[in-house]
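Data block below; observations after.
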């Protein structure tokens, strides 16, 4: 046990799989011990877990600097809200629609990337996309109610469960988060996921291997858009009112921070990032006015001393925590 | 494995649903946040973020509470304040509200700048029935129609009160008919401008031109030239401080010498200080919530309280705004007597009628059906080169 | 040759890229006015050894001494100032600048005072560049670009010139021309360390050769002693 | 016509600021291939330093401005050395986040110290507006345009007409080439960060008397800087200047002739339009993808 040897580790991959399953099961205890405030934070973490997992596909796995994430998030939230408010669509169905519309937004973002708009061009055009969407929410008064925001109906149900307090929301969010995280993890470990990472490593080589790179770039964006779109639909129910202010530039910076703090290209890292940057600001409440300062300092420190994110601390415990989507 | 997981989850879900029921006992609810020595008050405000200059008003409110504490408190209880940052961001505001309600378990909530945050927080606070006094945000929908648990109060003029004052003042200028507007496109600006337009249209005016000037713009040439071309009698300006300054500067620059009516988001002295040009503000009229100039003799008492507890604070038009509803809350708490409960507090708040706070230019009147406590505001403008508080065109307060 | 001072000595040099060890303890030295050719197959570590001397890659162990100064840990620009000038394989010209600007820049850091005089010298070596002095570097042919690259290095008045594949990718007539120029530089007293795949060029100008194999010196000797028999060398290098 | 000229004039003076910011971003980008996403906050910091030096240290304005620019120059060196160099080996995504976070730290610091205040920035140059025909010219317009014009003249003179300039051009064109002529590339990167931040600070100092001084001062300018860069051609120095000026004028014309509510998103519309229609911008060369 005490010997330092690369092969003998405290945790094997097999044990780790059980550990991953255990986390959500263990989480089921939370509503019985937490008050509404803590539960709200937990629910926010579940929403941001999907936000970060979705964003990480683009930033980490595909390696593209695209900042359209808030746009996906907002589009998901507004889609769900608009369908529920105006169409009387059940929440469950509206989540599905948010995934579809989010995916379409992802497709739109991928078109720019395919057109050779990459790196900073992509970053800037996607930032602009996000801000233009916010302008649309703000000026689409008739539908979005402008800056008053769109109030979510009181009586919403997920498969018959009334979502009228944090507890049922927690169970529904946990279910959605587990399903989508697992699906994303499976996707990233499949041939598709490997192709996506291969494109990050070397797009030209990947293309020369006969892999249709454009198809996988589109796929990565669409999947990212869908996952974040669902997160948006969850966010709408979490905050009960969808407001343009919630989808500004600061929001995308927080998303970006979550990805980097947790660990780029890692699903476990995404979860860690979402947990860290959702809970820390709550902790900082004790130091009024120092929020931004702390946020900035933490990310700087992580970038300097843990360039692979907090998840790399786990790698020191056991290499089994490393998610290998790619072998050359 | 997965199906097992899902079963687990649904099982737990069902359990959770069962547990939600009435876990909060009624008598606990009445006295939550109270001890023999303390009344816990949650004070939400934008202590960070791009609207942090509004948090001056929460600083003022808390200074007043500290002042009451130093006077011996209320029936032996002292205010214990829980300032919470909303950063003027909806999600952060909701977290703040949840924390105050469910973790800190305050007796009541008092504060809130940023209407968007108050609107976002409302679904969280409203169902709990915890008394909540809005001391700064202006969106009328926060308090009216009265919420189900009848627990939310507006302690400053809400949009319609401010807005109609703007409209009435504009129309009180002899011959005013053609009105133009320059506004931000957010709820804050709408809360002022919409009711003003209503009053203007109802009293025979018309809106001849509408211009947008967004936050962060540093030039208003295009807007000023448009306005100049429209030749209005009066301009309604629903702009924040910085943009007001930019607009007035450019208005002077291009010779647009038409009176401008501004919101309570700005004040005369500050605008003048920032412009550094008396000539540019000479046609600027602005909502003025107070009975006197910001640094006038009637305000000295209140400003001194703020400065006593915050010696470095710069007093602006925001500083004392929330103190008026603080006065009202203190009065209600005093009237309840030593056996304080939330229901009794709400009942006493509803009994406040025509309370002259000595701060705001309106009397606070609340009832079970009308929670807009403040129905009017004064206006400040230059008369013969001197800043003056006015009630209508040419008529001092 | 032995009577001359030792200019450069490399001893026990190890260089790794990540976990991959490219140089595994090489030793060699160069004396003043000597031309040494470094030979070897692709991936044997020839360019890496030049880059280690120039300070572009760090050594994991070993020592590089230039004119009595230990330069192993020195930053690239400081090694340059000492007079160790490299002509890289990719040439790395400034494509948007004129030929003359490219050349002048060679002296901008180390040799500012003599700039006009050196320009004269370079144009003497490369009359062709004088004609094209106002042309953008990107408009030149490969051979001309190589001339600019060498000329730029000569501008700095090198004490040791490192040439990385001067004939690489050039048409045959240019290879000869480059060979002549290297010979001319040698005749004027330059000390050179040259990586070269073209053996006839290498043996034409070099005094001595070193063969690298898998990051180690596998053979070496004086060109004269080969007496024109290169076949064995070819076998040593590639088999 | 008068209106058009007036709009153009005020657009140019706004555009001069955008140009300066775009240029300062480009200087860093060309040297290091890093886009400073936190630049808005560095712009703000420059203006804050002037305020502190004038109000608290009571330096004369001009000295305060020069000192602030120098402080930001030093900060640029420090940022490059202390925060960019250590993550050099990592992906570009790290640089983006690093610059954003450093900006956050500055903004957070400014907010912590002066959070509830909005300051009027002292004015140096307060002259009465005068007329050229029907055209109104104010002190601000004159002051900003003159300073920016002089600065640009000096900048481009150094860049195209001096040895230092030629060396800078050389490093921009080939970093490996620069190491071969003995340039200390690391020091070069540091100094370009310094120059970039100093130029940004100058922009902040020029705009603060108009925009007032508050911690969020820089945010709106950053995106306009991006738009100007994109319009002119990403990485082109001249393009950044022309792009900035055009953006300034476009905002005014859009605002007046189309709809004033479009003024705020003119920058975004330009970014999207340019990148979709002609990603290389007006003066940029074809985009080379660096993965």
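Note that the chains take the letters A, B, C and D in the order they are written out, and that residue 1 is the start of every chain.
The working rule: contacts are C-beta pairs under 8 Å (C-beta built on N, C-alpha and C of every residue); 3 or more make two chains touch, one makes a residue touch a chain.
Fair warning: this is a prediction, and the values are worked out from it, not measured in the lab.
S.K.: State which chains count as neighbours of chain B and simultaneously of chain C.
M.R.: Expected: D.
S.K.: If you average all the Cα positions, which chain's own average lands nearest?
M.R.: D
S.K.: Considering A-D alongside C-D, which chain pair is linked by more C-beta pairs in contact?
M.R.: Between the two chain pairs, A-D has more contacting C-beta pairs.
S.K.: Need the CA-centroid distance for the pair chain C / chain D, whole Å please.
M.R.: Chain centres of chain C and chain D, defined by C-alpha means, are spaced 43 Å apart.
S.K.: Where the centres are mean C-alpha positions, what is the separation of chain A from chain D, in Å?
M.R.: One centre to the other, that is 32 Å.
S.K.: What whole-Å value do you get for the distance between chain A and chain B if each is reduced to the mean of its CA atoms?
M.R.: Computed value for the inter-centroid distance: 35 Å.
S.K.: So which stretches of chain B touch two or more other chains?
M.R.: As it turns out, chain B has residues touching two or more other chains at 47-48, 52, 185.
S.K.: What residues in chain D touch two or more of the other chains?
M.R.: Within chain D, residues 108, 111, 115, 219, 261, 264 contact more than one other chain.
S.K.: I'd like to see which chains touch which, written out pair by pair.
M.R.: Pairwise, the chains that meet the contact rule are A-B, A-D, B-D, C-D.
S.K.: Show me the residue ranges of chain B that touch chain A in the complex, using the header's touch definition.
M.R.: Chain B reaches chain A through residues 1-2, 5-6, 8-9, 12-13, 16-17, 19-20, 47-48, 52, 83-85, 87-92, 94-96, 98-99, 101-103, 116, 119-120, 122-124, 139, 141, 185-188, 190.
S.K.: Applying the document's contact rule, which stretches of chain A touch chain B when the two form their complex?
M.R.: Those in contact with chain B are residues 21, 24-25, 28, 31-32, 35-38, 40-41, 44, 138-139, 146-149, 151, 161-162, 164-165, 167-168, 170-172, 174-175, 178, 182, 239-241, 243, 245-246, 250, 281-282, 285, 288-292.
S.K.: Spell out the part of chain D that touches chain B in their complex, as residue ranges.
M.R.: For this pair, the touching residues of chain D are 3, 6-7, 10-11, 13-14, 17, 108, 111, 115-118, 120, 123, 126, 129, 136, 138, 207, 210-212, 214-216, 219-220, 251-256, 259-261, 263-264.
S.K.: Spell out the part of chain D that touches chain A in their complex, as residue ranges.
M.R.: Against chain A, the touching part of chain D is residues 29, 35, 37, 83, 86-87, 90-94, 96-98, 100-109, 111-112, 115, 219, 223, 226-227, 230, 234, 261, 264-265, 267-269, 271-272, 275-276, 279, 287, 289-291.
S.K.: Inside the complex, what are the residues of chain B that reach chain D?
M.R.: Listed in rising order, the residues of chain B that touch chain D are 47-48, 50, 52-53, 55-56, 59, 185, 211-214, 216-219, 221-223, 225-226, 229, 241-242, 245-246, 249-250, 253-255, 273-274, 276, 313-314.
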